[in-house]
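Below you'll find the structure, written out as C-alpha cells, and then a few comments.
Chains here go by letter, A, B, C, D and E, matching the order in which they are written, and residues are numbered from 1 within each.
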C-alpha cells in the first residue's frame, strides 16, 4: 500500500511548491544573471543563447583594475576586527542589561536603541572630524570605530541572555564563579547560535559597506573591496555589465561560498537563536 | 562540623511576605527536608541558606559563623537545583569540575577528585557526554556530582527528583540517602512530595504560608501531627478529618471517643468489619491496595484495604478503628493532646 | 457507538520499528490505558488512532469504519495533549470553542455548549483568562474541555497528568474517570505510571518495545502478569523476582513450591514471622508503610509492612508468603500456569 | 532591610555601568554626540567659507516647510515605506512558512531567498538596471515575448518609484524571513496537531494561531522594516538618482543631496533631526509600549 | 626634505586609470626628487568632492584634487581653494596657462581669476551607426548637421516591427543624471547661453531655451526618440545593441565605443540650429587652501608637469578624453593616433564652437532646478515653457543671495 509518511494536515500542496520555486527563481535571478554575464563575453551580456562561448576574461580585467589582493586582505582584517570588537562590547553591555538591576537602566537602553535609527551615513562629517582629531584617518580602525558598539548586537544578545535559565547563573555563582567567569563560561557558550547569526549579518554588512570607508581612507593599505569595486561604476562611460558582474561575483564570492558551505549551520543558528 | 541555624529569618518582597519568623536548627550530618505546598516558601528558605537571596531580617549561621551577608561562593555550600541546572554546552566532566576550575584548583587535584566523584556516583563511563545525552537519573547524578566534588559539607537540594518518573525517583531516593550517610553530609532538601520527605528525612520541616508548621522526625510527624494541616498533608491517601458535632460524627449518631472539633483517622487504620456502618461511594484499585471512599453521616471517610478485596460502589460496609489511632484537633486545627 | 480496532498495525521510521503487529480492540465506552516504559510506542499508537501519523501497515477502524487514511478531523476523535497544546494567545473560552468556530457552528449553539462544558469542568469563572494565568490543573481541564466540547465519542489523551504534582494528579484521576463514565466516552489514555493505569483503566494495554506485552483488566494484570516484564512493571514496590536454582532460591536452600526459572512474590504478599530467614539490608519509612529490603541467599526481597513496625537495617527477620501468592516464570520470562 | 539591599544594589550598579561603559562611550562618541551637534547645527545657518554660522532659530525648519522637494520626498517615502513594509514582511512570512515545512528543495529555497542579503547593493543595483532597461532589458524581453508594449520603467514618473520599491522588497524579504523562520521553529508543534484534530484548515490555523503567535516577531521585523523604509537608498543612487523630476526621491536621498551636493549642512541637519525624531519614536514606542502588550508568556 | 602632496582623483571612464595615474606620479617624482605625490583614488566625481570637502571641513583637505569644472563656484564659496594665478610667476608659467583651449578655460575662470586647470576634459558629440545609415538610405559619411536634418534622419532611422513596436530609435539624448549637460547641446545650437560668467544669473526662460527644449520633446512626440527620461548609463549599450542609431554622449566614451561597437560607426559634431556647438565637461585640477605654501607650490609644479603636451596626449589616448591644449594635438603620438582613427579628432574640432558647461553659485542646487524642469517636460508632466519658467523662478530664488 502506498502511504504518505505523514497525513496532509501539514503538508504543503503542489501549488505551494510551485509558487515557492517560482519566487525562489525570481529571487536568485540577479545572481544568476551575474553568473551568466561574468562568464560570457560582453556581447552576450544581454543575450541569452545556450551556445555562447565561456570566458574568464571579465574576471581578469576586473582583477587588474585595482589591487584586489590587498583589498581582500584589508576587508578580511576589517570585518574580523569589527566583528570581534562588536561581540566583546555587545556581550558586556548585553550582560549588564540582562542580568543587573541598576538605576538608569531604561535610559541607557533607550540610548542604545536610538543608534538603530541614526544612520551613520548622515554623521559622516562629524565622525570624520573626530577621526582626524584622533589622527586615525586612513586606518582600518577608523573604518571600524563608529560601528564597534552595535545596538543591534546588544539588543539581540540581551534577548538571548534573558532567555538563559536563571538557575544556570545561580549554579555558577554557588560554584564560586565571578560575574565575569559566569558570563564567559556560561552565557557566551550558550549564546553561540546567536553569535553566529549576528556574525553573518555583521560580516555581510561590513563586507559591503562603502561610503564611510571611502571617505575615511586614502591609501591602498587601508581600503576595503567595495572601494575597489567602485572603479567599475564609471559614470562617464555607462554601465559595462560584464565587468561589473565579474567584479561583484569576485568580491562577494567569499561570502557566497561561505554561505553555501555553511548555510545549514547558519540557518540553524538563526533558528536556534530563536530571535524574537 | 556543619550545622545550620536560621534565627528569626524573614523575607519580604514589597508587600508580600514569603517567610516570617523562621527559627530552624539543622544538626550537622543530618538530612533535613523542607516540605510544604507550592508557594509556602521552601525554595526561598533554601536560597537564603545558599546566599542566592538575602534575608530581609534575621541571621543565617553555618557552623556557628554568621554568613547572612556573604555571597554564595563563600558559604561553603553546594547546591543541586530543581532542574539540575547543568551547563548544556559542557561535557559531564566539565560540568562536574566547573567549580574547581573556577576556583583554579591544580589540574591534577581536580582530575583526581573528578575521578573519585564519578566513581562514587557511577558516572565514570559518561564523562564525555553532554547533559542532553543523559537520562533524567543520570543528569541528576551529574548535578549531585557537581555538588559533591567541591567537598562542601553542606549540600542544598531543591526538588532534585521532581522531574524523574516514579520508578527512577524511587531508586534515586535510596541512593541519595545512602550517599548522604556515607559522606556525612548535612543535606537540606526541598520537596512538596510527602512520601519523599518521609522516606528520606532525619528531620522534616513542614512549612505553610511562610511559617514553620511543624519540625519533627518523620515518625513523629506521622504519628503526632501538630495541626490538621500537618495531619492532612502527610500520608497518601491523606488522613481522614471528620467533623464532630456534639461528640458525634457530623450528620450521624456515631460517637467519637472524646470531644473535639475534628476527629482524624488514617485510611490504613480503618479496618473492614466493625461497628461503624458506612456506604462505599467510590472505589480506586491500586493493585496492592484498594481505596474505598465511604460516606458516614455527612462526612467522607477513605479506607485503605487490600487489593484483593472486591467491593463495588454502593455497597454497605462496617468499619472500625482503634481508639489509639484516633487524632483530635480543636477548631483552630491544633492537636488536642490526650 | 464508538469502538476502536487496530488490525495488524505497524509503524516504521526508516529502519527503526516503533510498532509491530499491533492487534487491539477497545470496546465502546471503555477506558483503555496504554502503559509502558519510555519509547515503547505508546504515543505512536495514540497518534495513529488520531490520524496524526499514518500506520506503515495495517488498519485502524473506528466504529467499524476504516479510517486508516482519513485526516484527523474526519475521524470524530478529540485529543488531549501531554502539554495540553493550549493556544497561548486565546482566552480559555476561545480555546474551548476553537474547534466549533472552525466548523462554523452557530454562535448560539457554540455559546450554549461552551457554557455547559465549562460548567461541567468548573471552568465558568476562568473563561476570560489566558492559559498562562491558570494553574496546571486548570490548564488540564481546559484541554479536556476543548476535547469534550466537540462531543466526539472518542477521546485520546497523551500523558495528560504528567505535568501535575502528586496531589493534583490524584484528584484529576478521579475527576477524569467520573467524567468518562458520566459521558460514556471511549477513552484511550497514555501513561507510563502504572499506578495511574491501575486506578483508572477498564483495560490496560502494556506495551514493550513496540509490541503488546499484555492487554487485560487491571486486576487480571496484577494478579496474573503474563511475563516477568509485566510482573515487574506493575505495582510499587514492584514484584520481587527471585532467581531459582534447582528448585531453590539462588544462593540459599529455601525451596520454592514448584520448579521454574523465576519465582515472583509481591512485597505486600510477604508477611513477617514465618519460616524463611532473611536479613534486613535497608529500610524505607513511608508513614503508612515500612519497606524492608531483605537479602535471601544471593537474591533481594522487598517486603511491605505496616509503618508502625520498627526494624533497623541489619536485623534478622523471618518471612513467609502463601503459595497462592507465588508466581512462576520460565527462562523466557513467560508465566508458567499452574 | 533597605540598608542591606541598598548595599548590594549600589555595588551591582557600579558593576553594571562598568560593563556598559565601553559600548556607551563609543555610542556617545560616534552616535549621540554627532547627533546632538547635528541638532544644534540645525538652528544655525550653514557656514560657507569665511562666513561663520549664525543663529537663525527655526529658519531651517521654515525652509524645510517651504521646500517642495522635501514634501515630495516625504510623500514618496511614505509611499515607498507603505509599499515595502507590508510587501517585504508579507513575502518574508510566506517564505518562512514555506521553508519551515517539508517542501521540496528546502535548502535551495532557503539559500535563494537569502542571497539578496549577501550581495552588495551598489553592485546589484546595476543588475537591476539591466532588468528594467527598455527594449532589451530582461523585463522587456519577457513582456516582449508576451506581446506587451515596451515601457521605459525608470524613465516614466509613474513607474520609477514602484520599480525602486520592488528592488527594496527583493533585498529585504529574505532577511526578514530568517527572523520568521526562527520564530516558527519555537512554536509548539502540538498546537498544529491540536488544530488539525479540530479540523482547522492551514489558512485558518495561520490566521487564528500562527499569525497571532508571531506577533512579537512581526513587531521586531516591523520596526526594522520601518527604519529600513527610511534608510534604504543605496539603490536610488544607481538606479534613478531620485528622478525623473523627483518622482523617486526618498527622504534620505534628498538629505544626501542637500548635505553632500548642495553642502547646505544646516538645512541637512534640520532634515536629519526630523528623520531621527520620527524613527526614534517609532522604535522606542515599540520597545517600551507595544513590546509589553504582545508578549503572551 | 621632501614635500608631500596628497592628490585626490576620480575615475569616470573604464580601464586601468589608477595605474596610469600612479605611473604619472612615479615619473614626476623621479624628475622632482624633493616632492612626494600621493595619488588617492576617490571614487566617482561626486564621491571625490564629498571626500574632499569632508576633509576640508575637518581641516585636512588634500593638497590638490581633480574635481568637476562645474564645482568651481562651490569650492570658492566654501573658501576651499586658491586661485592658480598665485603661482603663475614666470613667462613660461603664463605661456603654459595660455596654452589651454579657450573653451576649457571658460569653466576655470571667474571674476578675472583662474581657479582650475583643465585635466580630463570632454565634450558631447554624436555617435552614429554607419550601417544603419546605409540601410536607411542615408549617406554614412554625411551625418546630419542641423536640427531639421537630424529629425529627418532620425525618422528614417526609426524601425518598427510588424506589431508597430519600435526596434530601433533614430536618435537618443540621455536625460538621467545630468540632463542639463545634454540639454546644453541643444541650447548652444540654438544660440542660447544659460548663465552669466559670474555664475549669478541664469536664463532658463529665454525663448530660445524653451525652443530647444521643445525640439527635444518633439523628437519624442514624433516617435523618433525614446519616450520619457533616458538612462545615461545604458545609452552606449543601447547603441551597441542597435536599439538606437544616433546617440549623444561624451567623448569620454570613444574608447568604449571603439571596443564594443560591432559595426562601423561615425562620430560627428552636434547638429545645430542657429549655430553649432556643445558644452565642455569633465574635471579640473584645484589647489586647496588649507595646505602649506610649499605644498601648494609643489602641487602647482605637479599640475603643470602633468598637463604638458606629451602627457596630455598620452592621457587623451588612454581615456578618450579631449587633450587640453592645442600643442598636445601637435605631438607625434596624438597626430598618428588621429590619422589612424579620425573620430578622435571630432571633439577637438568642435572645441572652437564649444561653450562652458553650466555652472553657477550653489551650483548643484541650481542645476537640480534645471534638471527637474527638463525631466518634467520630457516625461510630459509640464509643457517646456512652464517647466523652464518654474526652473527659472527656483534658480532666481537660490541665486538671490549671490547678487
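Keep this in mind: a contact is a pair of C-beta atoms (placed from the backbone, for glycine too) under 8 Å apart; a residue touches a chain by one contact, two chains touch by 3 or more.
In UniProt terms, the chains line up like this: A = Carbohydrate ABC transporter permease; B, C = ABC transporter ATP-binding protein; D = Sugar ABC transporter permease.
The structure displayed is predicted, hence computed values, not measured ones.
With steps allowed only between chains in touch, the distance from subunit B over to subunit E comes to 2.
Counting C-beta pairs in contact, the chain pair with the largest number is A-D.
Subunit C and subunit D have Cα centroids lying 55 Å from one another.
Subunit C and subunit E have CA centres that are 89 Å apart. The distance from the centre of subunit A to the centre of subunit D, with each centre set as the mean of the Cα atoms, comes to 16 Å.
Contacts with at least two other chains are made by residues 50, 177, 233-234, 237, 241 of subunit E.
Across the assembly, subunit D contributes residues 126, 129-130, 133, 136, 193, 196, 260 that each touch 2 or more other chains. Residue positions of subunit B in touch with at least two other chains are not found.
Within the complex, the subunit E residues that touch subunit A are 6, 11-18, 38, 40-45, 47, 50-51, 54-55, 57-60, 122, 177, 232-237, 240-241, 249-250, 252-253, 256, 260, 262.
Of all residues in subunit D, only 188, 190-191, 193-201, 204, 208-209, 212-213, 215, 296-297 touch subunit C in the complex they form. Contact residues on subunit A toward subunit E in their complex (touch as defined above): 42-43, 46, 64-66, 124-125, 128-129, 132-133, 137, 211, 214-215, 218-219, 227, 230-241, 243.
Residue ranges on subunit E touching subunit D, taken from their complex, read 46, 50, 53, 74, 76-80, 163, 165-167, 175-177, 226-231, 233-234, 237-238, 241, 243, 362, 364-365, 368, 371-373, 375-376, 378-379, 381.
Of all residues in subunit A, only 165, 167-168, 170-178, 181, 185-186, 189-190, 192 touch subunit B in the complex they form.
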